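Lettered A, B, C and D in written order, each chain numbered from 1.
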Amino acid sequence: MKVGFFPGCSLEGSAREYNESLQAIAPVLGFELSEVPDWNCCGATAAHTLNHKLALALPARILALAEKAGLTELLVPCSACYTRLAATRDELIHDEALRRDISSIIELPVTGRTKVLNVLDVLAACASDGLKDKVRKPFAHKVACYYGCYLTRPEKLASCKRAEDPQEMDDILRLVGAEPVDWAFKVECCGAGLSVSRTGSVAELSGRIVADAADRGAEAIIVACPMCHTNLDLRRDAITEKRQTPYSIPVLYVSQAIGLALGLSPRSLGLHRHHVPVRLPERPAPSPEPALQPSGPKED
Amino acid sequence: MAEFEPKVVAFVCNWCTYAGADLTGTSRIKYSPNVRMIRLPCTGRIDFMLLLQAFGQGADGVIVSGCHPGDCHYTAGNFHARRRWILFRRLIEFMGIDLRRVHFAWVSAAEGAKWAELVTNVVDEVRKLGPYQSFPKRLDGQPKPVEVA
Amino acid sequence: MPRIGVFICHCGENIAGTVDTAAVAKNAADFPGVVHSIDYKYMCSDPGQNLIKEAIKEKKLTGVVVAACSPRMHEPTFRRACAESGLNPFLCEMANLREHCSWVHEKGEATTEKATDLVRIMVEKVKRNRPLYPISVPVTKTALVLGGGIAGIQAALDIANAGHKVVMVEREASIGGHMAQLSETFPTLDCSQCILTPRMVEVAQHPNITLYTYSELESLEGFIGNFKAVIRKKARSIDETTCTGCGACIQKCPTKKIPSEFNAQLGMRTAIYVPFPQAVPNKPVIDRKNCTFFKNGRCKLCERVCPAKALRYDQEDMLVELNVGAVVAATGYQVKDTDFFPEYGYGAHKDILTGLQFERLASASGPTQGVIKRPSDGQIPETVVFVACAGSRDPAKGINYCSKICCMYTAKHAMLYRHKVHSGKAYIFYMDIRAGGKMYEEFVRRAIEEDHVNYVRGRVSRIYKKNGKLIVKGVDTLLNSRPVEIEADMVVLATAMVAQPDAEALAQKMKVSYDENKFLSEAHPKLRPVEMNTAGIFVAGACQAPKDIPEAVAQASGAASKVIGLFSKDELSREPVVAVVSRMGPPDFSTCIGCFLCESACPYQAIEREEIKARDGRLIKTVAKVNQGVCQGCGTCVALCRSKSIDLQGFTNEQVFAELVTL
Amino acid sequence: MEALQKKARALLEAGTVKVVIGYTAGTDVERARAFFARNAEQTQQLIFDARCCQNLATYLMKPEVKALGKAALVCVPGALRTLMQYAVENQLADETVLALAVTDAGEVVELPKFAAVEEYLAKMPRGLTPEQQQELDRIDKLPLEERWAFWAAELARCVKCYACRAACPLCYCSRCITDVNQPQWVPVASDPLGNLEWNVVRAMHLAGRCVDCGSCADACPEGIRIDLLNHVLAREASAHFGAEPGYSTRKDYALSAYKPDDKEEFIR
């Protein structure tokens, strides 16, 4: 299947490996990424705190270009971009007057007909499309799936069913041999909003996430958002300092974990770019391989 | 010659608009004396034929007013009335009857000021329009309601 | 020829100040049919009324028009005056010269002219008035009380003690409702069952009360004073008359692991059971869904051990038809379950309880005999966090309203916990403390000052489990909004009080209205708090809105007094302003053609079908008939009827038409 | 046509019905007229062709016809819709009439129950035809004065013969509002007010009920476009309230039902 692709700024910079890993797994999983031509900043996170119209116009232009390029679906890997585009699309669809207004601002026709997908949406599609059979080297590790704030919120836009305890990423990783742990910080704030202004707080907030994942025996934290990754990976030293405990647990993009399971080389997935070295204990696939559990609350 | 003074007939429900007009009185809000009010229990009771009658009897404008949706003393009378007006209004519009002379409103028992404003506005508008000459009048010789013993 | 008298009131200066009343009286004298027309300073005064009375006698008036203030003000006054001098009160009409004329227009010709017109309009109308007589409707002096909770019990006892028959219908196997589940009650901390159970027994033993438990309302037809109710008596599988309630069957029942509804799922019960020891009636019921015999045809242990041979496995639901004159709906409420809260783990944590569950834990008759233990491991919790407004006052959760009782029972819960576990720490997260009520605020202060309950003003954002503890993350908005985390052993959510799941269906059965939260709607939020918009149906307790025990009881007594008032007469009489369908002699009998399109237009379902039959019983036609007991006189049907076969007494087509002709 | 006659004969001989109400050749070649076949021989006179457009259902409401006993009714679509509306309005019990629909292919379909009629109608196109729509739009577009002038001229020709009423299957009231004289809602004479009031009241009484059989306009000796009044209301009723009279026996008369959120823009 052909899917539109909006990388956004971070996948060009701090999250290159996210981009690389997606590009690497796409052909294997059988979807083709066609990048939106001449795309621009999505406006996150500053715009919507300053000027509503600006906050809509920026993503609207991207949607307009996608429509122009005849893309029916658009993959937006960065969670922040994703929310901005999804929210904008939602407003355009439900407010005709606003849509006309914005359309005149960006000097492009825009309808909102292009569907906005996040990474989990696309991977879920692959999952039902025989992902399990494509696994070469099961990713047999205990993982803590970290969704962050944007993948499940706002609920009316998000595709995740259980906003406070999402299961989508867990289900996908089970498919490739991983064993997701039940933990408490799946959707807690990593502090990205204060990423620049109050790094102290970021270390505090991200620290709790890393700590809980490690405490519950996870061997890796799996993320689907560049900011989450930055805060959990790049700020590890600050975290270690704040908590006075070293944590070595690596942070992988969901696309990287799957890439490994598909048997792709760590380098092609950009694992070498991480700050926290990705060292995963070697071990054969747990057999019998855990079948896909139905999502739902786990009795304790 | 003196300025034309229009005759406006108002069909109102007893519980909201009639009471609202009472409040206009108790709050001493002034409005134009051209209106004649016909008190009915509910807007649901107001037969569209009465509106034609009013014009036929020489009214230049008509007001129909009752409880706001949801406030009906009889819970649903005004909802039924609303449907009736939607159709009736469309029909007379189609037939070229002047909708600027037919006004519908919700005036609650608490909206004394709204009532005064409504009447004054309607009277002013109809005054500008002049007498409704083109509307056929009930001819003399038509049987008037019989004197009852 | 009609002989109409016109009486113009000055209302002191109120009317005469702007309207030339003398002129109006003079003009009116010339109206066709008017034989007497005067003006006077105060028509509503005794001398004023006497003027009318004398005129009626001397001038043999057939109709009276009093041109004064609003009929909404003095119509009753003047109609009474007419009646007192032998004129049918409905032959008196009022022209509103004050509110609709003198008070709203400037002094001048136009105003006097309008006044004259208003009088003319009413004269033309009154000429066509017909004498009307109050409609009397027979009253069946039996009340149906739906719900055997404290509200229903109170209403039933009040009505029964006033000497009227009462039928109480309770859907559960025993009466008592939620109050029977409570441990102690605020603000006195007296034991709930101690004050409730005597009243339950009183109901069971009262000669005027017939009790149907394990039963539900099937249908309700009819109207005030004359309802026909059908009750579904669900198959109890027990012959109540022979059963002695010895409980042997319960001892022997092999199926013992069914979560007990009465213990809010914290305890277990058998398949044949009584909800709780003090149940009224103390007769068991077989839960057929879980009974071994009903599941796989074998067992019947209970039958073998029953000394009274009271088991009836083949028993079926029974339909009982009752005639009642009034209905009191007291069907109560439910509380939201913990799985309603994603951020608190979607109900996955056993040690997160609802307030109702905590009541059972704290109750001496509860699954733990009143010892506060964690459901998960039976440990005594060292730290308990109580969360007020769990769901309530939260538009995002879809429950905008305040559940009203939580502030109080949360304080009570914290107290009970501290009394039972002296070393324990109790925290209460709250938005505001709403303790309006006699001794309520004092009660909360006691919790804070004497029992050292820690009140934290803020919301709880998440609860998760770690190392066997429940980590409660919230914010303390009073300590310059610091996030707080408490390691708790147990969390009690004061979950929102919501309408019964089938409240909507019940309301539709009774044809009464309900609000967006499915609570039953009273007829007027202030002035008619216990009546419903359908005459003869009353409401009491939490099915109308969240309320605590004293309020529920007060409303129940209010509803009861309304019923008693209704039953105080053999017939109730009401204003004859109702719709009537034309009737005439053969061959037509009525101009109604029986299309019955008016049926669904009637807000009160007052339109019935009457079959007109010939002597030989042959059906001639079916025509509409208005039930005068039900009709409220809105006239929607009148405007709808194409052949003008329905008319509204007091506002007939002829009258309204005549008013227009005066223009 | 033969098929129809055969079926009619069969029904009468079997005694399934006492009369077959259909069409026969009129006095002039342009027209067909209603015909009541009471016995096998008479069925020979039954015809069915393009001339047969009159809505025969109207006769079912006449006491004389009711007296004849169970009837088979040759139905054009309008007549079938009428049967549905009669059911809604409690005027006709199920299985008291046997509907005979003639397909374009000329075969006769027997519809013994309302359910069958409803099913048969389900396949038919609904709502106003594009032509009817255009005609409404044309008049709507006229300026107020011209619209009034148009209708004043149309209604001026009305002679109050009430042929429209007689032809309309849904004007079955035993007493029409025009016969009411206390009060005299509609002036008797054919004066401007009387004509206006009659035609407004006729249209309003059919609003949400009219099955658009066209009989009223066909019957008008003056050729007044009274059908437009029905159409404009039909369009409004279906647009606002989803009214589709004549296609089901379900009782949902637009004017005796309501939604709390019925939309309108004109009430202040």
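We adopt the following convention: contacts are C-beta pairs under 8 Å (C-beta built on N, C-alpha and C of every residue); 3 or more make two chains touch, one makes a residue touch a chain.
If you're wondering where the values come from, they're calculated on a predicted model, not measured in any experiment.
The chain pair A-C and the chain pair C-D differ in C-beta contact count, and the higher one is C-D. Chain A and chain C have Cα centroids lying 53 Å from one another.
Here the spacing of chain C and chain D, counted between their Cα centres, is 47 Å. Look at where the CA atoms of chain A average out and do the same for chain D: the two points lie 65 Å apart.
Rounded to whole angstrom units, the spacing between the C-alpha centres of chain B and chain C is 36. In chain A, no residue touches at least two other chains. Among all residues of chain D, those that touch two or more other chains are 177, 182-183, 185, 255-257.
Among the residues of chain B, those in touch with two or more other chains are 48, 53, 76, 80, 84, 145. Chain pairs that touch one another are A-C, B-C, B-D, C-D. Taken together, the chain B residues at the contact with chain D in this complex read 48-49, 52-53, 56, 69-70, 76, 79-80, 82-92, 94-99, 103-106, 118, 134, 136-139, 142-143, 145-146. Listing the residues of chain B that touch chain C in their complex gives 5, 7, 9, 14, 18-19, 21-26, 28-34, 36-42, 44-48, 50, 53-54, 57-59, 72-77, 80-81, 84, 116, 144-145, 147-149.
Put simply, chain D touches chain B in their complex at residues 136, 139-140, 142, 144-152, 177, 181-185, 187-189, 191-193, 196-197, 200-201, 203-204, 207-208, 228-229, 232-233, 236-237, 240-241, 254-260, 262, 264, 266-268. Residues 339, 342-343, 345-350, 376, 462, 464-466, 471 of chain C are the ones touching chain A in the complex.
Across the complex, chain C is touched by residues 162-165, 184, 188, 212, 215, 297-300 of chain A.
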